[in-house]
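Below, chain A partners chain B and then partners chain C, in two separate complexes.
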Partner chain A sequence: MDSGELKHVVALALNVDDAEIGDDASMDTVEAWDSLRHLYVVMAVEEAFGVTFDDGEAVAITGLPLIRDGLERRGITFTS
Partner chain B sequence: MDEQRGGVGIIGLGKFIPARALDNAEIEAQAGIEPGTIEKQTGITRRFLVDEGGSATEIAVAASRQALDAAGVDPKQIGLVLGCTFTPDYVFPALACDVHRTLGTTGAGAFDLMANCTAFQVGAMVASDRMLADPSIENALVIGTAIVSRHIRWDDPNSAIYFGDGAGAAVLGRVPPGYGFLAHEVSSQTRAYESVRLRRGTNENGERRAIEMNGMDVWKQVAQHQPGSVRRAVEKAGLTLRDVDFYIFHQANLHLITYLMSRLGARPERTYTNVERIGNTAEASIPIALTEAVEQKKIAHGDVVVLSGVGAGFTFGASVLRWYDPRVAASE
Partner chain C sequence: MEFAAFLTAQPSALTYLDYVEAARAAAKTPPALPPLRLAILRNATVETLVPVVEGELLRSGFAPAIHLGDFDAIASETMVADAPLYAFAPDFVVVFQWLETLSPVLATRFATLHGDEAAAEVDRVVDQTAAILRAIRARTAVPVLLNDFPLPSRPTLGILDAQQAHGESATLLALNARLRDVAASVPDVYVLGAMRLAAEIGYAEFFDAKQWQIARAPLGRRAQVALGREIAAFVRALRGRTKKCLVLDCDNTLWGGVIGEDGMDGIALGTTYPGSCYAALQREALNLHARGVILALCSKNDEADVLQVVREHPDMLIREEHLATWVVNWDDKPANLRRIAAELNIGLDALVFVDDNPFEIDFVRRELTEVATVLLPKDRAQYAAALNEGAWFDALTLTGEDRARTASYKANAERARLQASATNIADYLASLEIVMTFGPPSEIEIPRVAQLSQKTNQFNLTTRRYTEAEIRALRDADDARVYVMKARDRASELGLVGVLVLRLADGVAEIESCFISCRALGRNLEDAFLAAAANDVFAGGRVQRLIGRYLPNAKNGLCEAFYEKNGLALVERDGRATTWALDAAEGAVPIPPWVAVEVPQHAEMVR
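So, the complex of A and B:
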């Protein structure tokens, strides 16, 4: 899977342009990614990729690399 | 539940919401927040406050009278009055005792308990357990009462944006086997004990201390632990999440409720929210939301209903009940 798809899902949930979501995007680097918008990021990623994060993990995946790791642990591989 | 004697359920509900409205714009101006921020962050558009001369007893009694009327129960038939609040009029005696003398619940024992915003659910658990243990208690009155506005600094954007005042009450009574409360669950995660607090005394300026709140910690606690609390309660009831017809959550924040519904795999129409209109009314939020949901016929006889809350500390609670509507039952 192209990581651009993941970035697009995250960008939509945060209501920002895809360009704002870099490879290392996180709550620390994207202003719109606050604690409450994060809930929508989790819901959007779960729906888009058909996965369910554990409750604790859902709170912890506050950046693109962490989300990507979580998806890869569920068998979703990224080509770029 | 005693299969012979039946169970304990909610047989009457009432609420009181004060008349004085406080809109976001006023708070945003005082707290130096950009207009529109509160609604964006919380979904809340306004809240209602008790006037300066108003008391916790008055609003608790107003909600209680409505609940007693709805249940068709005389105050003298109440065997237990349980006040759920952290904002009573006095440090002691208990708010429940003042309600007791005002209503004339002469046959009841009365006391308060504190579990903050999940106190009503915990109170319902304690009351129903007492009723199951003591057959002489035919009815109990459980009241969630909050005058949080007296403990807010309106220039503090971390806490001022959420809270409103109100009261909600439920009369518990005997219901047929299979109805009423099926299971309760309470757990605590105390690592973030200091994250929402109201300390005694005055601050460095000699002002009475106000609620202090770390919103990020609240979010983490709720997102991490509240879904599990619901799942455990449902499992204790011998049911699955698919069996749940309706959820009533503590009305802390609209976004959190949306998230909880998503975690529980439930469609949005299977919950009721009023946080948009009245804000977070702390201990009163669950009974007020439940009262309105029943008034609007969103909950029907036989529905499996979950009440779920979280209070500072943090304490998580969930109760599962099969809704009993005596009017429908009588016509069956």
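So, the complex of A and C:
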């Protein structure tokens, strides 16, 4: 899986341009990424990658690396 | 997904993310569409529902503006005249109540209730909801949508619940029935069927337990998509965007196989698999037909082959009597769909086209973006469900006219053919023995009048939409008149096909609205109707001048010259919008000689 696809999904969920989402994008670095918008992120990633996070993960995956970890735990590997 | 593809995509092909993407695109480049302002008041987190509502409104031809009320502030937002809700000036209001916020007792602790406690709590919920609806109605006349409640998936009493007349499930069903009654008691309040949607999706997916605990967000992804679509269906029904005609392909759609190759004995259709899949699709089409949807066939075949199946195949359910028309030839489907729309005198945007062939569907999507399309899924067991998956035909009324519709469209198609062979148009029209009934609407006709205002786009001079309550108020007002036209001819009963709304002030009657069903056109009935109204309003001497306006919309070009043709003089022009006048002193307006006029029994014509 190309990480560009994940960035696109997160950008859509945050309603920002894809370019605003770098490899280390997180709630701390992206202004639009607040707790309300985080709802969209969880929902969007779950749909796009066909996974379901548990409640603890859902509140914890507040940045791109953590989302990647969560997906990799479910067997989705990233090539870039 | 590209924005243009999003607009024409089949509903079942769209994901939640597609809506999010489309909403982002539309926010960047707002499309040139008529605006629609929709307020959502809520007692739960439903922010994630907004992109779906926006996307569905865009797909329905509107540029959405959404106002989301504060969390759990429905009462304070509705009961104060200067609340943000009213400053927003919505066209529609959605009141979304989640039971666990509204009544934690009923939603989570039912087993702990004793005696009459549940009934008392139901009363409280109903009274509070009624107060909210009345508060809204006291301050704005726009339509309001109120959700009902999903049934509990795990009732607190377990298997005992189904045994109890006043158990948790029974109590919620009763509560929903009470809400329906409350909605019916306040004008233009409609029930948004969350109970049905939860049943369709399954409660486990409808309710997102995780996001409920984290963020008080109860709706799962599929619930948001389903609710967004349902809200848009109400908007379309009340704003004249309901589709009118289902156009069906034949081979591998109405039956399995190819009639030209497999023959009557070789096609699959009947009570056993796989023919039963096609029979199910046909039954679904006939249900739509019973609701007033007109049916047509569009097939690449020899006409004789298809007609033989329609007339003679023992398991065929759709018969000639159900079809308004058919176009069976070897021309391309976009051309044939244009032909069908022209023959039935309806817009291309009133058509839903169903085919099993991706090539044909793509061709139509590309050539005729206004036609809604259904590509039948691979799984034939899902064919019947696919026919109205976009809720394109959903309406809020079902009238006698709906049930008789095919007959009049069919007669139209026959008239079109007859007319082609007649040499003298006046002789032809005289031979139709047209009778117009003219007068104010009776009480039972009011739903049809409102419905016609909401559905009519082509012959509609000012494109004003009315609710039933508004029509009733106008009919009873001293300074307004509402006239309706019913018509019949030798071939068919057309029913109530025309409405004129006039406002009277200072000796002038202004035509606020004039709209005629397209199936009534081609007989000069519209001219007779205007003449009868002019004569009636001038009678008695209170009115000396009749004013009419034409306000262009995307589709009403055919009535641009209506007033001019009927002898009104141009008094003002503003772009394509025009104002026309006729003075009483000019004498009686002639009614075309081939239209006989009757006055209905209930009418009191002079006030």
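FYI, the second predicted complex is superposed on the first by the 80 of 80 C-alpha atoms of A that agree within 3 Å, B and C clash if a C-alpha of one lies under 4 Å from a C-alpha of the other, contacts with A are read in each partner's own complex, and residues count from 1 in each chain.
The rule we apply is simple: contacts are C-beta pairs under 8 Å (C-beta built on N, C-alpha and C of every residue); 3 or more make two chains touch, one makes a residue touch a chain.
Predicted, not measured: the structure shown is a model, and the values here were computed from it.
> Now for A:59: first (chain B), second (chain C), both, or neither, which partner does it touch?
both
> So in the superposed three-chain picture, is A:48 touching just chain B, just chain C, both, or none of them (first/second/both/neither)?
second
> Have a look at where A:13 lands relative to chain B and chain C in the superposition and call it first, second, both or neither.
In the superposition, A:13 contacts chain C only.
> With both complexes overlaid on chain A, does A:36 touch chain B (first), chain C (second), both or neither?
both
> Going by the touch definition up top, name the partner, chain B or chain C, that contacts more of chain A.
Result: the larger residue contact count on chain A belongs to C.
> What is the contact status of A:28 with respect to chain B (first) and chain C (second): first, second, both, or neither?
It touches nothing on chain B or chain C.
> Where on chain A do the contacts with chain B and the contacts with chain C coincide?
Shared contact residues on chain A (touching chain B in one complex, chain C in the other): 35-36, 39-40, 42-43, 46, 55, 58-59.
> Note which residues of chain C are touching chain A in the complex, please.
15-17, 20-21, 23-24, 27, 45, 47-48, 210-211, 213-215, 217, 221
> For the complex, which residues does chain B have touching chain A?
Going by the criterion above, the answer is residues 41-42, 215-216, 219-220, 223-225, 227-228, 253, 255-256, 258-259, 262-263.
> So in the complex, the part of chain A that touches chain B is made up of which residues?
34-36, 38-40, 42-43, 46, 55-56, 58-59
> Mind listing the chain A positions that touch chain C in their complex?
Its residues touching chain C are 9, 12-13, 15, 35-36, 39-40, 42-44, 46-48, 53-55, 58-59.
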